[in-house]
Each structure stands twice: as C-alpha cells, then as structure tokens.
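Scroll down for the structure; my scribbles are underneath it.
The letters A, B, C and D name the chains in turn, as written, and every chain counts its residues from 1.
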Amino acid sequence: MDKTISTPAEAVAAIPDGASVMIGGFGGSGAPLELIKALIDRFKATGSPKNLTVINNNTGNGKVGLAAMIELGMVAKMICSFPRSADPRAFTEAYLAGKIELELVPQGTLAERIRAGGAGIPAFFTPTSYGTDLANGKPTAEFDGRMYVQERWLKADFALVKAELGDALGNLTYRKAARNFGPVMCTAAARTIVQVSKIVECGSIDPEVVVTPGIFVNGVVEVANPAQEEALNRAEESWV
Amino acid sequence: MDKTISTPAEAVAAIPDGASVMIGGFGGSGAPLELIKALIDRFKATGSPKNLTVINNNTGNGKVGLAAMIELGMVAKMICSFPRSADPRAFTEAYLAGKIELELVPQGTLAERIRAGGAGIPAFFTPTSYGTDLANGKPTAEFDGRMYVQERWLKADFALVKAELGDALGNLTYRKAARNFGPVMCTAAARTIVQVSKIVECGSIDPEVVVTPGIFVNGVVEVANPAQEEALNRAEESWV
Amino acid sequence: MSTDIKLSNAQIAWRAAQDIQDGAYVNLGIGFPEMVAKFQPEGRQAIFHTENGVLNFGEAPAAGTEDWDLINAGKKAITLRPGAAFFHHADSFAMVRGGHLDVAILGAYQVAQNGDLANWSTGAGGVPAVGGAMDLVHGAKRVAVITEHVTKKGEPKLLSACTLPLTGVGCVTRVYTSLAVIDIEGGHFVLREKLPSITFDDLQALTGAPLHTDGDVADLIVPEL
Amino acid sequence: MSTDIKLSNAQIAWRAAQDIQDGAYVNLGIGFPEMVAKFQPEGRQAIFHTENGVLNFGEAPAAGTEDWDLINAGKKAITLRPGAAFFHHADSFAMVRGGHLDVAILGAYQVAQNGDLANWSTGAGGVPAVGGAMDLVHGAKRVAVITEHVTKKGEPKLLSACTLPLTGVGCVTRVYTSLAVIDIEGGHFVLREKLPSITFDDLQALTGAPLHTDGDVADLIVPEL
C-alpha cells in the first residue's frame, strides 16, 4: 500500500462541486496553501469545484489561500469560529452581500465536533454557549446541577491538511503550532489529503512520535518548502 | 514550580479511604507498580487507604499490583472492562464472595468516559452497547437513523500513572503500548501522580513529542527500572 | 448427517484471511481470531490494529525477547512493522468507533440471522467480562465472525435469534464456520460456500435458522494446514 | 464626578497580574488581555496556554525572526519557554473545557452583576465572530475580566443585566477596571479596591448596578508604567 500522490493537482482532482471540505490551519499556521492553490487553479481552469462547504477556524486573510477561494466564489458556506483576520475583506464582502452562508461555532465546540465526527460520537454535551444566542434551537440538559448544550458531530467529504513529515502509510508529524486542527480533521473526513514538507521512508518516523496514525490518511503529497500565508500577504500576493 | 516528588510513598500519602483512583495500564503494560506497592505498604502499616473505587481496564493478575490490592481488601469497587487475566483469582474470589462491586464498561466506552471527564464533556452518545444488557437503564437516542446510548463522563479523585520521561512541569512521554490509558487518566483526576523512569530537565523533552502536557499532572516521581507485572508473576512474587 | 469432516480452526482462519484486501486496517479479536494474521495471501499486507494502542504490529517475538510494554489486546508480546504507531486508548477507540477499521474478525457464541452477535457472556454467572468487543462490532466497516458451525454439544450457533446476552445488534455481515461461509443480508443467512462433503440439507439441519441461497453456492475449498 | 484620573490599560493589566499565582496555568484573551503577561510579579512564573495548541510560550520574537508556524490565538508570533508542549485543537479545548486552566482573563463589552459576560458581539450586524471566548468562560477555574470602567461614550459597562448578546452566563468572578477591582459574589458586585481619587458615590454613579461592600474597600494602588 502506498498513499503517496505526485502532485497537489492530482491530490485535489476528485473534490466535486458541493463537497464539504475541512481545511486545516489556524489563520496561516497550518494552512495547506499548495493544496488550496491547486484547488483554485482547477477552479479557474474548469469552473469546479464550487458550492463548497468549508470548515476552517477562520475565513482567510488577504487574497491568497482560503480568502482567495471565497473571493473567487468557490465557497457557498463557511463553518468557522472566527471569520476575521488582518485583511478579512474577501469573506466580509461576500457575507454582507449575502453570497456566502455562515455557521458560527465556538472554537472549542468546533474542535470537539470534528473530533466527535472522527471518533464515532454523534452528539455530546458541552457547557460552551449555554444561555447564548449560539445555543438557540439546540437541545439542553442538566447534569450534576449544571446546564449543557447538545452539539452534533461534524464530518466532511474531504480534509485538506498540512503536516511536516509523512510516510507512504500516511503516518504524520506536524510542525509547532501548525498542528492545531490537522489531527482532528484527518479523522473526520471520508477522504483525507495531506501535504507534507517531506515524505520519508516507512519506519523512519519513530512510532512514539507519530501524531496522526496513517489509518486516518488517504493521500500524502510532498510540498517541500511550503509557502506561509503571512509571508504571501506581506508580499501582497494575489491568487484571485 | 516543581512537581517532582521524592518517593512513591510520599506520592501516594494523601490518598484517603474511600477515594476513587484511576490506575493506568492495560494488564501489566503501563501498570504503575511502584506507586501501587507504596499504596499497599501504607495499607499494611496503617490500614489505609481502603474502600477504594479503582478504575482500570482489568482487575490485576497474580498476587502483585492491583490483584494484591484486591486480595488485601483495599478495593470496594472496580470499574473496568475485562476482569480476567492469566491468574484472576484475587478478583474472582472477592467478586463471587460479594466482597467487591463491579461496574463493567465496554473498553472503548471506558476510555471515552475518562476522556470526557478530562475534557469537560458530561455526557456523550455512543453506538457501543446499544441493545445489550450493558445499556440497561441508560438513555438512548436516535441520530441520523441509528440508535445510540448516552454515557456519562468518568472522573476520579486520583490517577496513578506510569510514564517514561517526565520533567518538573509534569510533561510526559510514554513507552510503547504502555501508553494506553495513561494520557486520558492524567486528564480526568483531581490529582494525577505519575511515576516515570527518568526525570529530565525542563526543555529536554521536545515540545513536539510531549504526549501528556504538564497541565494534566500534579506530581512526578522517578522510579528507575520499574518492575514489570509479567516478570513478577513469572517469578511468583506475592505482595499479599 | 455428519460433522466428521470439517475445517480446523487454522483452515477457518485461512478462509477468512482470503477476504482481507491489501492495505486493509484489521482488528482481530483475542484468541482464535488472532490466527487470521498468519494466513494473509501472498502480496497482500494488512495493517493490524490492537485496542491497547498499536497500529501495524507484526508477529510474536522469540521467547525470551519479549518486551512486556509491547503487547496486544490479548496481552501477548508482539513486534512492530515499519510504519507502526502508538496512541492512547481513547484515540484507539476513536479508530474503532469512528469507522476507520476496514474489518473486525471476532469469535462468537451465537450469531443470529439478523446479524446479532453474542460473544461476551454465557449468561451463566461467574465474572462477566466484555473488553473491546462491543465497540468493535459497531465500529468496523465489516464485522465478520469465525466460529465452529455448532457448539461442542452439537447445538447450532447460527440461530434465528440469539439466546445469550448480546454483544451487538445487527452487526455481523459474514460468518466463516467450520462448514460454510454465510453472509447476513436482509435479515437472512445467505449461504455462499459450503464444504463439498456436506449436503445443503445436512448443513441446514445444523443451522438454527433458514439458509437462503442467492445464486450458486460455491465449494468451500481450503488447503491442508 | 470625574474619570480624568484612571488606570491605563497597562496598569489594569498590571493589577490583574498581581493575582496570578506562581505556576498557574493562564489563558489571556487576544488583544488587551495579552498585556497581563508582561507584569508577572518577580519570582512568579505563570504558564501560558493558547487555544491553538501551545503551553508555556514566552514573549514575542524580535521582528524579522518570526516563525509563522509558532503563533498565539491572536495570530501573533511567539517563542517557547523550556518545558513547552504542542497539542492539537481538541486537546487544547479539553484543557479549557475540562477545568484545567487556573485563570482566564478576558476583555468585555459588558459584565452583569450575576457574572454574565458579553464580549463577542455588539449585536449591530456586520460579521459575527466568537473564537474561543465561549469555551474559556466555562472552563477556567477563575474567569476574570479587564476593562475600562465605562464605554468611550461614558456609559457603564458593569450592569444589572447585559443588553448585548452573552458570551457566557454567570461566569465572571472578578473585574479589574480602570477605576476599581470588583468581585462578583451571590449575584452582586462587591467592591474590593478603588482608586483613592474617586469617591464611592462617584464610582457608583459610573456603575450600572449597586456596588456592595464586604469589609474594607482597599485603595487600588498601581505603579507608573
């Protein structure tokens, strides 16, 4: 079994219109920019994929990455906790124009819903958002004298994740705080595609330090020296 | 801040009669034998702690470790998934004599209940045990056309865990499959005590390979060359 | 009616192993099902999961070289293959419950025609123990059973309804027995393969619920082992 | 009634920092609360948590030496201290929700006398954004707020009931303002410290719910910063 894929373009080729896509990263840290770029290039060439539901903590920054996907009209709905950034224009304009739907989820609930999706837990109770507008319409229950909100799992058709090392079985390590949503998103998608800085031989990642075991990964593509969103934005790059 | 403790005896000195205690390990792998031995020595010297509720996947093997605690009458109740072993006499005899209570929990539900305890999730739904005797009396609910059982979190007053490396802040690594329940138990107890094979300087565990961040750990005691239950049993050792 | 000719445990395990694809993630129940790992077809390599937090383990180490921190769910010493990973128990059962395993192969006391499985309690008192079986039956994409076709007393283990405490409801999709390979579809036992030496009627007589067919019934052919 | 004399943001942050014990696990909200880290008393070392998966981070790196994979929840570059750890987002919020943080310090639009907090939405349209605030207020053992005592328009931020959308119900236990330190106990604001330059009555006039006292009200004394 060999899960390696040659190019980002090949890695994202199967994502159809209307798919739900988890995209790793917290702001630019951990954003799988080269996979996103391949998706954008495909969209520019073919008009697909569009009408995507994207799950990400944020909604992009500037004119690259997720922000570019939104500005290009590829995204019908965002599920996120914090649709703001240094330069949030792409999302803000689409949202205020009614061109994009927003499901706002508290950050910890977002992470836990994704973790639940991967762990086969269809629903759980959390104190988060109890008594607030974000709990409107959700079941509540009392446990040990305290009130909680019932939240549902979150799964997706695809996950696009950035990691550091990967092997042919899909075992992964991450780099610093770029880990963030990657490990849980890998578990919660029907098909998980990961860009790694380096593909290494099976057995060269110590089994003790594997963060995402390969069982959660379907494809691994090497992107050496991946771009950083912050650097692209400082250079005023645009993918739109 | 320095979480290191000099001796196992000191580490377990505060565990009172009637406490709930999570004990790490899957069979002998990961069993914190030196902490258990200190608890047993204390009980022999003082008659305490007794009437303990112990959470462990199993119920001990032979006449050392958890089996010895049970045979000595220190344990009032076991919460576990598999009260059998190569030599399960200690538990079997106590159970059949009505001297010990048993809460039998499917293994994955046990792990998830502990994880939920540590993660502030008071209840969750799982497909596990639906339609079986182990779901008797538990709420059920349907999600997306499938039936699930509601399970509650599990917390404890203390957790006794075995790890490999530890630093003064309580950051931990584990050794091979001895990891098992350790990381989740560390999160779910009011006070978590860990025996490690070696205490190392803060900063010498790579932040990328920390398995249990120190926030979940209250005390760390060094036990170089810890005993293995399997070896003790083969040598027919008895702590009773 | 004769059960003199039947498959050995090794042969049942061999037959089950033939249905495991290359690269499949597989959990084998403790005891008899562990034997399936020995019979992976040439050119295929499954990746074995054990509940206690290891993916991609290999064979048992030589006696005397065991590391008792490196065991499987049956508490037996194992070795690692390249590309192995360790993880904690909650993550391990996230793999199980989350549907990430391709196949789980378990033993059985009883299997019902609707896929109900009873394999954890004889209901006879003593000390009950469940382990990971109740999680596995609701997690793996395919849950198969390997078992003798009848009990030691000659009573059917494949039944219209289980009489022993259930492990899971409607979870089993294929049963490999000492006499046959039987799918569970639409609430029925569907016979796929049987030993050439046993007639359909004799097999039916040893089975506690109607055996259906859906096209040809193939001969169950296994090597000497 | 005068608000001419009031604490600067740095001074409010300094005061809040005095209540953080050595070894405490602390989450500081993005923006103004981040400033609290600068004012840890001599001899005490808190351990800072950031939602995006880092424990025990330190100060910002020098400009030009940033690693954009190493940021805090405010997306600012950080450094690590010895004994740091990385972990994923679900584990990070297990720390938050599971009650493992000793203190969370947040900003506020409004705080009610029962401890309700509003700090995520002005309710005025635009793009709503919540981040980790709703999790933090229900997780940390102690949830404190640092804030100006009144809005820029001079309206009270400490109220009998919040009028803006809530972040959490009954979650705040202490408020450090530009004029006072106020505990929330039993559904009341209890004044603990106030600037010597303001009278109780003037402070009450700037506060949207009754200020109670419980023993002496100490002088709020902070250094020039």
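Miscellaneous remarks
Following the convention adopted for this analysis, a residue touches a chain if its C-beta (ideal position, glycine included) is under 8 Å from a C-beta of that chain, and two chains touch if they have at least 3 such contacts.
Predicted model only: the values in this text are computed from it and were never measured.
Common neighbours of chain B and chain C, by the contact definition above: A. Among the remaining chains, the Cα-based centre furthest from that of chain D is the centre of C. Interface comparison, A-C against A-D: more C-beta pairs in contact at A-D. Mean C-alpha positions place chain A and chain B at a centre distance of 35 Å.
Inter-chain spacing, taken between the CA centroids of chain C and chain D, is 56 Å. In terms of their C-alpha centroids, the spacing between chain A and chain D amounts to 30 Å.
For chain C, residues touching at least two other chains, in rising order: 54, 86-87, 90, 93, 96-97, 138-139.
Along chain A, residues 112, 115, 119-121, 126-127, 174-176, 207-208 each make contact with two or more other chains. Working note: touching chain pairs come out as A-B, A-C, A-D, B-C, B-D.
Within the complex formed with chain B, the chain D residues making contact are 22-23, 25, 45, 47, 49, 54-56, 80, 82-87, 90-91, 93-101, 138-139.
On chain A, the positions that touch chain C within their shared complex are 1, 115, 117-121, 167-169, 171, 187, 201-203, 205, 207-208, 210, 213-216.
Looking at the complex, you find that chain B touches chain A at residues 112, 116, 119-127, 141, 143-144, 146, 148, 152, 173-176, 207-209. By the touch criterion given at the top, residues 50-54, 66-71, 73, 75, 86-90, 92-93, 96-97, 116, 121, 126-135, 138-139, 165-169 of chain D touch chain A in their complex. Across the interface of their complex, chain D is touched by residues 26-30, 57, 81-86, 88, 91-92, 95-96, 102, 104-112, 114-115, 126-134, 174-184, 211, 228-231 of chain A.
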